[in-house]
Amino acid sequence: MTQTWDINGAELSSRLFLGTAEYSSLDALRQSIESSAPGLITVSLRRENAAGKGQSFWNIIKEFDIPVLPNTAGCYGVEEAVTTAEMAREVFDTNRIKLEVIGDDYTLQPDPYGLLLATEKLIDKGFEVYPYMTDDLVLAQRLVDLGCNILMPWGSPIGSGRGLNNVYALRQLRERFPDKTLVIDAGLGAPSHAAQAMEMGYDAVLLNTAVAKAGNAPLMASAFAKAIEAGRSAYLSGIIAKQEHATPSTPLLDKPFWHQEKS
Amino acid sequence: MTQTWDINGAELSSRLFLGTAEYSSLDALRQSIESSAPGLITVSLRRENAAGKGQSFWNIIKEFDIPVLPNTAGCYGVEEAVTTAEMAREVFDTNRIKLEVIGDDYTLQPDPYGLLLATEKLIDKGFEVYPYMTDDLVLAQRLVDLGCNILMPWGSPIGSGRGLNNVYALRQLRERFPDKTLVIDAGLGAPSHAAQAMEMGYDAVLLNTAVAKAGNAPLMASAFAKAIEAGRSAYLSGIIAKQEHATPSTPLLDKPFWHQEKS
Amino acid sequence: MTQTWDINGAELSSRLFLGTAEYSSLDALRQSIESSAPGLITVSLRRENAAGKGQSFWNIIKEFDIPVLPNTAGCYGVEEAVTTAEMAREVFDTNRIKLEVIGDDYTLQPDPYGLLLATEKLIDKGFEVYPYMTDDLVLAQRLVDLGCNILMPWGSPIGSGRGLNNVYALRQLRERFPDKTLVIDAGLGAPSHAAQAMEMGYDAVLLNTAVAKAGNAPLMASAFAKAIEAGRSAYLSGIIAKQEHATPSTPLLDKPFWHQEKS
Amino acid sequence: MTQTWDINGAELSSRLFLGTAEYSSLDALRQSIESSAPGLITVSLRRENAAGKGQSFWNIIKEFDIPVLPNTAGCYGVEEAVTTAEMAREVFDTNRIKLEVIGDDYTLQPDPYGLLLATEKLIDKGFEVYPYMTDDLVLAQRLVDLGCNILMPWGSPIGSGRGLNNVYALRQLRERFPDKTLVIDAGLGAPSHAAQAMEMGYDAVLLNTAVAKAGNAPLMASAFAKAIEAGRSAYLSGIIAKQEHATPSTPLLDKPFWHQEKS
Amino acid sequence: MKITINGTSKSIDDTMNIHDFLLSEGYEDKLVAVAVNNHFIARTSYDNYTIQDRDIIEIVAPMQGG
Amino acid sequence: MKITINGTSKSIDDTMNIHDFLLSEGYEDKLVAVAVNNHFIARTSYDNYTIQDRDIIEIVAPMQGG
Amino acid sequence: MKITINGTSKSIDDTMNIHDFLLSEGYEDKLVAVAVNNHFIARTSYDNYTIQDRDIIEIVAPMQGG
Amino acid sequence: MKITINGTSKSIDDTMNIHDFLLSEGYEDKLVAVAVNNHFIARTSYDNYTIQDRDIIEIVAPMQGG
């Protein structure tokens, strides 16, 4: 019933992109992936000791036949982000990179300056860049000019659960880049936030904290998966326009007692 | 995967209540019921001539093994509403009645005075009253005092597609009547509105115009069905609390290049 | 520069109605009245012992040449409210009564049923009723039918500082009762809330907690007074319509370097 | 009663900065300045022919003893903006420059890249830069690093009258730059928007369209002046915290009929 | 005598009960409910109620509703 | 006899009217209003109303209100 | 030689400096500023800059702005 | 000589290339990637790069991420 869709030539089975961090256990992570069947799974790189603690996580992800999207989480510098991307490409064997260049400690806001520099270098190196960005229209245009086909504006700060802080700016982005793949990345808290984004015509939603930190992660994962499908279907179907006044749903034609006085 | 739930002793298969009016065709109606599998279907009564135009509609609804909820749509008077309810009980062979006593032409707002009088009479006559009401807490208490186990506050005016006009009042109702069945009735436009209501702990959502007048009614019907399941699951799972600031989803422990300067 | 206005034949010098409770001291109350020069001052009645503690308060209010509006605060019953109103009329020598009939302990919501009964009795007894009401359109019509020329819908629960919980309903009230005096009573927290109400065409604003509990009551009182004047002037002037896109304020005609490429 | 305040060492008599464009007549402009007594007046430069059409406008502005803030409105290029600023400094005999480097035709969004380059050049040339910027925190930090003491984030697109599109981002800016002068520039429509900005702790508000295009410009100008004073006083006074439930303003101690049943 | 049926006035000669009336009007195989002068008449009472001059009769059937 | 005044019960020996009662209680120079058994007693009726056993009397004065 | 002034091309015979040019164009009593080929020319330099063929000259004055 | 590996300094006697180093450190069967002095070293270059004194080496593996 879910339709597959195309992103830069790859066919994805879902418009939910799911993060793998912050779950109470690897088992909770596995169950959340199973219950939501995401189209992409985001992963990261960390220092590894000989004990190989990262390997068990990776073995779980490999079980699933779902493409991964490595990130450069926590990078503040351009060189750092680029080198991390190169290591990720080798480890995960994919050109996809969720490019995070952080510009602020408190909001984890993307740095609109470093992001452009890193994007340019990575596209030169043959990467398929998924830029984690703000909702800035001019930044979006610069990224598109550099060759990005995918833009991932934040809804609100990572892990804040605030939903869409600036619906106006996000609406503008959709309107101005009708042919690009737009993904809301970060800040969502509830499925209704995800549905709202999809109803606006966004192509996908990337989530992590809202699922991983929910009371019941696998159940919340499936909730988001459904909400994203719901929002997409609503966008495709066409939503009724808001009215200032009521219009009766039940037609009044042939209503009985029509001659009666109002009480 | 959908769970059945109990409403006044009856087992319903979905938390979506779907209206049957305003569809572009009886076929669009049939397909919308099929695609969304609602828990209740709302129906009405109109003057019938010997030609029996109402019968074809009813034959479609009978195909489905879904309980119906007759309404008293368009009634302004108490007697009128009560007599309509009695006729509906005989025709549809159910004690359920969606009681509408309208108090205003432009907003189709429920009349909080006539509603109480009609509710009292109908409960005396053995009806199971589903009151279409405002979000007024005192009205809710009066209805409960009369014996209502189900309350159906409006989200916004019928057919307006505005969603939840007064989230505060609706939150109060849920908080104050934890043991009653609360259904958002009327005014929703998009699946995100329905998800939001369910995330607040509402038990069900009643819709008509948002589906019937959508560009593609059957697709929108399924969208709402999914959004309602999503919102319910999120409520059961527990939604993360909103934060003012960001918290990194990807842990920074063992991040490479940790010693580096920020660019 | 402030204009006087007419309310039921009386001339008021301001559209701010100020409550007198909850101030840190009688002196803070006096200064707040001085700094904001309200059009009406709300007062109440309480049990008095021979020591006469109520008299000092009243001596302060009497200093000001400002009409008072006694309330029936805390009344849950109709008889109780009516008898309180009668005592207030004698003590304060005015037919004005702010009629509060409370229907709920937590929200202090007006009881739409008791309010109608008490209003009818008090109008029979020659009172000029200022009903503290919800934003319910049908209740408003009933009150008008009983002879009320003034309606005082709440913005949000008393003392909550939430501002206008249901802008839609308040807009409807203004639209439907263009010739009645509409006053927002209760729930405001900040001057911007009061300005917003006045911009919507409300005739006045009644405040207490937002001023009395502010860090600096007299300063906040003057802030609300200014905001109410600002909102009124804006309403009279006519506010620009919201636009989806920008329109340059500085005209581009004859801009220098017009031939230049964009950087 | 209005207090003067210091901006970069200059003493201003008001926290309203008023634009001079789009008025129905020079007379409407003069009256609006008179009725609102702004702290700064924004002006621009345009191509002049020998007839000297610009001179009459300037003669009006000179009448007022109010400092002017020239802008670089409509500049898309860095060089263009810098040269315009240099011409403005000579013509208006002030180092102040409202630096606009536009990055988008539809939203007139500031270009966060060109803005930094132009700011650096102008600060080198001894200008006091008032940057018209987005609400981007990283951009703000870069501007501060370049030496800006004043930041002018937009509320929403110029002339749109939408008010504050992203309250969260604006709140972050205030919180993170407690010692800088923050001015909301562009997008406001109603006085309540200006009051809201000032209540958040913003230091001033810059307006043009909302006044010039109002039904009655001089009246709207005075409305904004009052709303800005109201918001500032509220900020200084301290606004009550929002509550979920009500707290009675009129104390219940010694309430008469205390023994009574609730009706 | 004159009656009103679903808002339209109609003349019928002899008095009859609801059951006969529905038959004569061709409703026999229809799922309908009946009210006379704003009072509900149950199916089980169709034989018992004899239509009077000036009766206002409502005959209703299932219809779409929200 | 026993009465209740402002929620507190009190014994008074001989019957008196409201006017006398207020004097005896020391309210003479106070701005107050009176209700007995939930009914308002106007100032002009103080002399006419004789306090009964078990009367519930409310005596109120101006106070801060919102 | 041909120059562009405020976006309009114009022919002037002999070379002159900005000061002479403004006089000849009737700007003497106007409050204006000047840029040539996108570079600002300060008043104090009006005598020093001699207009060249193909120069692009901007002459601006105060105008309404937001 | 002294090197830094994943932020911790370490002494190794003789020079070796990345391939040998990973073996000696017990990473042979691990899925890892390597950077030296902030530059990525591809697997295919492990044999070619000889570790120098003061080299800063990062060895990373898959980990949870959002």
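All chains are identified by letter, namely A, B, C, D, E, F, G and H, in their written order; residue positions are counted from 1 within each chain.
Everything below uses one rule, namely that a residue touches a chain if its C-beta (ideal position, glycine included) is under 8 Å from a C-beta of that chain, and two chains touch if they have at least 3 such contacts.
The structure presented is a predicted model; accordingly, all values stated were derived computationally and were not measured.
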Joint neighbours of chain G and chain E, given as chain labels: none
Contact-richer chain pair [B-H vs C-D]: C-D
Listed pair (B-E, A-H or B-H) duplicating the D-F contact set, over half by residue number: B-H
Between chain H and chain D, distance of the C-alpha-averaged centres to the nearest whole Å: 55
Whole-Å gap separating chain A and chain E, where each centre is the average of the chain's CA atoms: 61
CA centroid of chain D to CA centroid of chain G, Å: 34
Multi-partner residues of chain H (at least 2 other chains): 6-7, 35, 38, 58, 60, 63-66
For chain C, residues contacting two or more additional chains: 19, 21-22, 44-47, 71, 73, 79-80, 83, 87, 106-107, 158, 162, 186, 208-209, 212, 248-251, 254, 256-257, 260
Partner chain C, residues of chain F touching it in the complex: 6-7, 25-27, 29-35, 38-40, 42-43, 58-66
Footprint of chain E on chain A - complex, ascending: 248-251, 254, 256-260
Residues of chain E touching chain A in the complex: 6-7, 35, 38, 56, 58, 60, 63-66
For the chain B and chain A complex, residues of the former touching the latter: 19, 21-22, 44-47, 71, 73-80, 83-84, 87, 106-108, 111, 114, 157-162, 186, 189-193, 195-196, 199, 208-210, 212-217, 219-220, 222-227, 229-234, 236-257, 260-263
List of chain A residues in touch with chain H within their complex: 19-23, 29, 42-50, 52-55, 57-58, 61, 70-71, 73, 79-80, 83, 86-88, 90-92, 158, 186, 208-209, 212
